[in-house]
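Paired with chain B in one complex and with chain C in the other, chain A is shared by the two complexes that follow.
Entry: the complex of A and B
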């Protein structure tokens, strides 16, 4: 297993190299000179040339890229082109907010989505089943920013129960986590229901019932463990998509996290920050997926790692 | 879709797609979704016939923040522009950019997935490793990175979103084709000397379309949301061009006092996405009846 983990981590390095190379290549093909963009329209040609040299933009793209990735592998993510802050330091400062938001959203989605999915499956075609499926479709179709705005309007401005924006206390995170988790809850619920229905129809469940096991025991002891395999995969995928969704949620609730950092960087085409974010997310998602695969083997002893 | 034969509705007389349609139309939610989507599509497509584009952009400050009424069905925004006109014209961008993104990534996915699935070996390895690489980043973040590199603009956003969706299509097309490529009819096609391109595009892809079409519909919903999200974040369609997400980002400062400004554009997005998702679910059940519980 140790060998497997090492192999997966090495693969992650190649993913990072590939993605960053791709972004560098389209960057070089795109119109507009970053130095001009930073200095504004009335900058002199000398100033622009000086800045280009300072940022290393006067060298060929491939050389620029090799310089960049060499630094990244040493842990130096460079500084923001516009504001001059150290990208890595800024990350460390903002990371706790994003992780807290993502984890709370996942907890909310998993703790609500999986039980609802199980109940919907064992009470198939009942009112509970229909209601939870309808809930799933609705939550899946609502754009997160709209869901966020409306809940902000209602719970913060009308009722005054929760703070509307910023971070600080647990209360600040409730609405953002609901907003971010709504979509995940929907996919969690549907996945659990489908998977549970698949398992419940199998012969060994009938055998368990035939030997007189209580319905509670059949569901919790026999069906649950097998039906959890696809669900666990879904949790991994969802955690990754939470990182994407947090961009929108952080913007709605003005949370100083990685996502809001990225939005500003994309608007101003602040490439070191964009690259840093993408690398961070790729590594984070890669590690989450690795953990999920390891968890998989724990839940299902039949799973063996290919080495 | 082929025309259905009128032989009293015997199932044996239907083509494959006729059969899918037969099962699809029994699904009430899916049919409702189809009607809603067709209605919205027609409403936004025919917009120039009943809404003057001037109403979308012309500002009339004395007329601002009018609640929905008989002349301004959806009310007016902070510049006194008619919200109904803006929403209808905004839908043209939201929905048709969405369709264009799906078509682009669908075609790219069919070509890449077709090559990977049919040839296997090194070709497969190379294509799929690249796909894995792109799948390591959530689609919306990848699109944002591409927008950052390319710069703002509707066309560039379209490309950015298509780049982010192509890997998913490639994966689905590939797995669909892998399941077919060793069947007898492909062997037969090889025997009478069909070219690889012909086998992929004439024999394999049409037969493996089922799962691809389902995922196309379900992805369309997510793409519409992503376009609106980028618009809302201020890195998608630039104002004053209306787009559902852009409209919301412009009015969000005022929805505290004028909630209709936020409710209406968002409801349009939600309704379209819901319709698309119902169609997707209906198609999945219709294409693979075994999946239905």
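Entry: the complex of A and C
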């Protein structure tokens, strides 16, 4: 297993190089000259040319990329072209907000979605099943910005229970986590239900029942563990996507996280910030995926890693 | 599984604990804004972005004279000033006993250093027009010499490029150091900046104009406009910068919050391209058809809920040097159709470039509908700000709609679209008569009083005759705030003077 982990981590280096090269090429091809954006409309052609040379933008794209990666390998992620902050430190400062938001959202989705999915499966075609289906459809089809806004109106303005924006206390994270988790909850619920239905129709479940095992034991001991593999995969993917993909939620609730950092940097063509953030997110997603794969072996001992 | 759940719960709680900020009480003020201030040294060679609108610069620094909320010049670091008869020399008498945030006294050397350093920078060249040099006469007198007279010059001194910095501090720390630890003579000191989150200002009790009533100010970044309004109603913030008019109108029915509006230094204008390959190229009839087909009142009602002033030249009525008796082309569909019939237009795409997600995108959509009504195949190209700038500077549009601010609040601002020298926005957007308009503009810079207004009238009449631009409305600035807050005034540059604010 140790060998497998090392192999996967080495593979991650190539994944990161591939992703960063791809992003760098796209950014270079996108309209908008960073030097012009930094200096503003009053800048003369000479001012702009001088800044382009200073930022290395006058060199061919591939050379720019190689120079950048060279610095990254030495641990220098650079500073923001626009605001001058250190990219690495800024990322570390914002990471706790995004992790807190993502983790709370996932906990909400998993702790509600999986049990509801199990109940819906074992009580198939009952009122609980139909209600859970309705809940999943509603949560899945609500756009995050709308759900966020409506929850702000209700919980912040009408009831006055929760703050509408920013970070600081646990209360600040409740609504954003519900908003971000709503969609994941819906997919967890449906995924668990489908997976459970597949498993409880298997022969060994019938055998367990025939042997006189209690319904509780059949569900929790025999069915649940076997139905968890696809659910765990889904949890891993959703958690990883929370890292870079919670842009809308972070924007609606004014959370200074990774998503808002990335989106603002893309808008202002702040290449060091975009690249640095992408590298961190890619590594994080790679590690989450690896952990999910390792978790497979724990859930299903039949899974073996190719060494 | 249990272990995993409890571990993630523990991590999550730890993270939450690590992100604490102090919440503002009522002896403090929390401001919500959608625009983040990123630069705090007004004369940084790498630019200051759109810091006209940033609350930080306005309150950290002072200028020799300042522009008040009514758009008038009033004394600040200079108690008085005089202009020589030939308009080439401005003499400023400095206020005594003014202190920088580090406790040191402001001197004539600081003033001379600040202005001489600012003028050659990109923003200095644009705002300190005709500036030659600043010289110290004695400890309390500074003279500023111009290469040619320019009657709007004093507004440049009152703008961000005229902010006075400490020479001693600069000599010690340089550009980057000043940016990191800004020191001004303004009523507030910069305490901390948390990117993407909160900027904290603290009252400077030794301020020459008296200690500010509000001791701490938190400026919170809230990008989403709907969240901004909820945060204000909820009490998360006490004051909101520049909310859209439509949001303000909703506040009319709410208790505990108020909103105010006033004229802005910005005007929204549609600029037509005469570049080759665009419908406006070498086709005055087409451009006139567009000019006559735009119903400005409908746009003002549709996009601004009626809270804006229609303009017929590319200047706000509040600008100094604003001419009178200029030509006006009104809304006339019949005439527009006649012009279009007489034009070379054969149904080609006429693309309006606009920045997406702004109120101007809505303006563009209304214009699109109005132009389609007379048979123009009009499309809207709404793009992000970086792409917008790129396409605009490259001259790749049929028409372009934007809000242009004049930091000088002066008629001269309109020349930005008719520059015959090296200037990024106009390098690829030259009209056949740009040089003629530019030359009149240069002459107007030297002229005074009525003669100056007459020159601007001539210049804007060429723009109207040639239909190079369709000016639509002078913008409106807004502020929404907790009704217990007093002294709230809308500033034409969209900024806010915190010194005037206090709690009831």
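In the analysis below, the second predicted complex is superposed on the first by the 302 of 307 C-alpha atoms of A that agree within 3 Å, B and C clash if a C-alpha of one lies under 4 Å from a C-alpha of the other, contacts with A are read in each partner's own complex, and residues count from 1 in each chain.
Assume a contact is a pair of C-beta atoms (placed from the backbone, for glycine too) under 8 Å apart; a residue touches a chain by one contact, two chains touch by 3 or more.
Since the model is a prediction, treat every value here as computed from it, not as a measurement.
S.K.: With the two structures laid over each other on chain A, which partner does A:241 touch: chain B (first), chain C (second), both, or neither?
M.R.: After superposition on chain A, A:241 lies in contact with chain B alone.
S.K.: Determine, under the contact definition given at the top, whether A:42 touches first (chain B), second (chain C), both, or neither.
M.R.: second
S.K.: Would you check which partner chain A:97 touches, where first means chain B only, second means chain C only, and both and neither mean what they say?
M.R.: The second partner, chain C, only.
S.K.: Scan A:72 for contacts with chain B and chain C and give back first, second, both or neither.
M.R.: After superposition on chain A, A:72 lies in contact with neither partner.
S.K.: Name the contact category of A:286: first (chain B only), second (chain C only), both, or neither.
M.R.: A:286 contacts chain B only, not chain C.
S.K.: Is A:271 touching anything from chain B or chain C once the two structures are fitted on A? First, second, both or neither.
M.R.: In the superposition, A:271 contacts chain B only.
S.K.: Looking at A:23, would you say it contacts chain B, chain C, both, or neither? Reply first, second, both or neither.
M.R.: Once the two structures are laid over each other on A, A:23 reaches chain B alone.
S.K.: With the two complexes superposed on chain A, say which partner A:189 touches: chain B (first), chain C (second), both, or neither.
M.R.: neither
S.K.: Where does A:116 make contact in the superposed view: on chain B (first), on chain C (second), on both, or on neither?
M.R.: After superposition on chain A, A:116 lies in contact with neither partner.
S.K.: Can you list the residues of chain A that meet both chain B and chain C?
M.R.: Touching chain B in the first complex and chain C in the second, residues 30-32, 145, 149, 153, 157, 251, 267, 269 of chain A appear in both lists.
S.K.: Enumerate the contact residues on chain C facing chain A in the complex.
M.R.: Contact set of chain C toward chain A: 5, 8-9, 11-13, 15-16, 18-21, 23, 32, 38-39, 46-50, 122-123, 125-127, 176, 179, 194-198, 220-224, 226-227, 230-231, 233-234, 236, 383-387, 389-391, 393, 416, 422-425, 427.
S.K.: Give every residue of chain A touching chain B within the complex, in rising order.
M.R.: 14-15, 18-19, 22-23, 26-27, 30-32, 124, 137-138, 140-146, 149-150, 153, 157, 197, 240-241, 243-245, 247-248, 251, 262-263, 265-267, 269-271, 274-275, 277-278, 281-282, 285-286
S.K.: Could you list, by residue number, the parts of chain B that touch chain A in their complex?
M.R.: Against chain A, chain B makes touches at 130, 132-134, 136-142, 144-151, 221, 225, 228-229, 232-235, 245, 248, 252, 255-256, 259, 262-263, 266, 269-270, 273-274, 277-278, 281, 293.
S.K.: Of all residues in chain A, which touch chain C in the complex?
M.R.: Within the complex, chain A contacts chain C at residues 30-33, 36-45, 47-48, 51, 82-85, 90, 93-94, 96-97, 99-100, 103-104, 106-107, 111, 145, 149, 152-153, 156-157, 160, 163-170, 173, 251-254, 256, 260-261, 264, 267-269.
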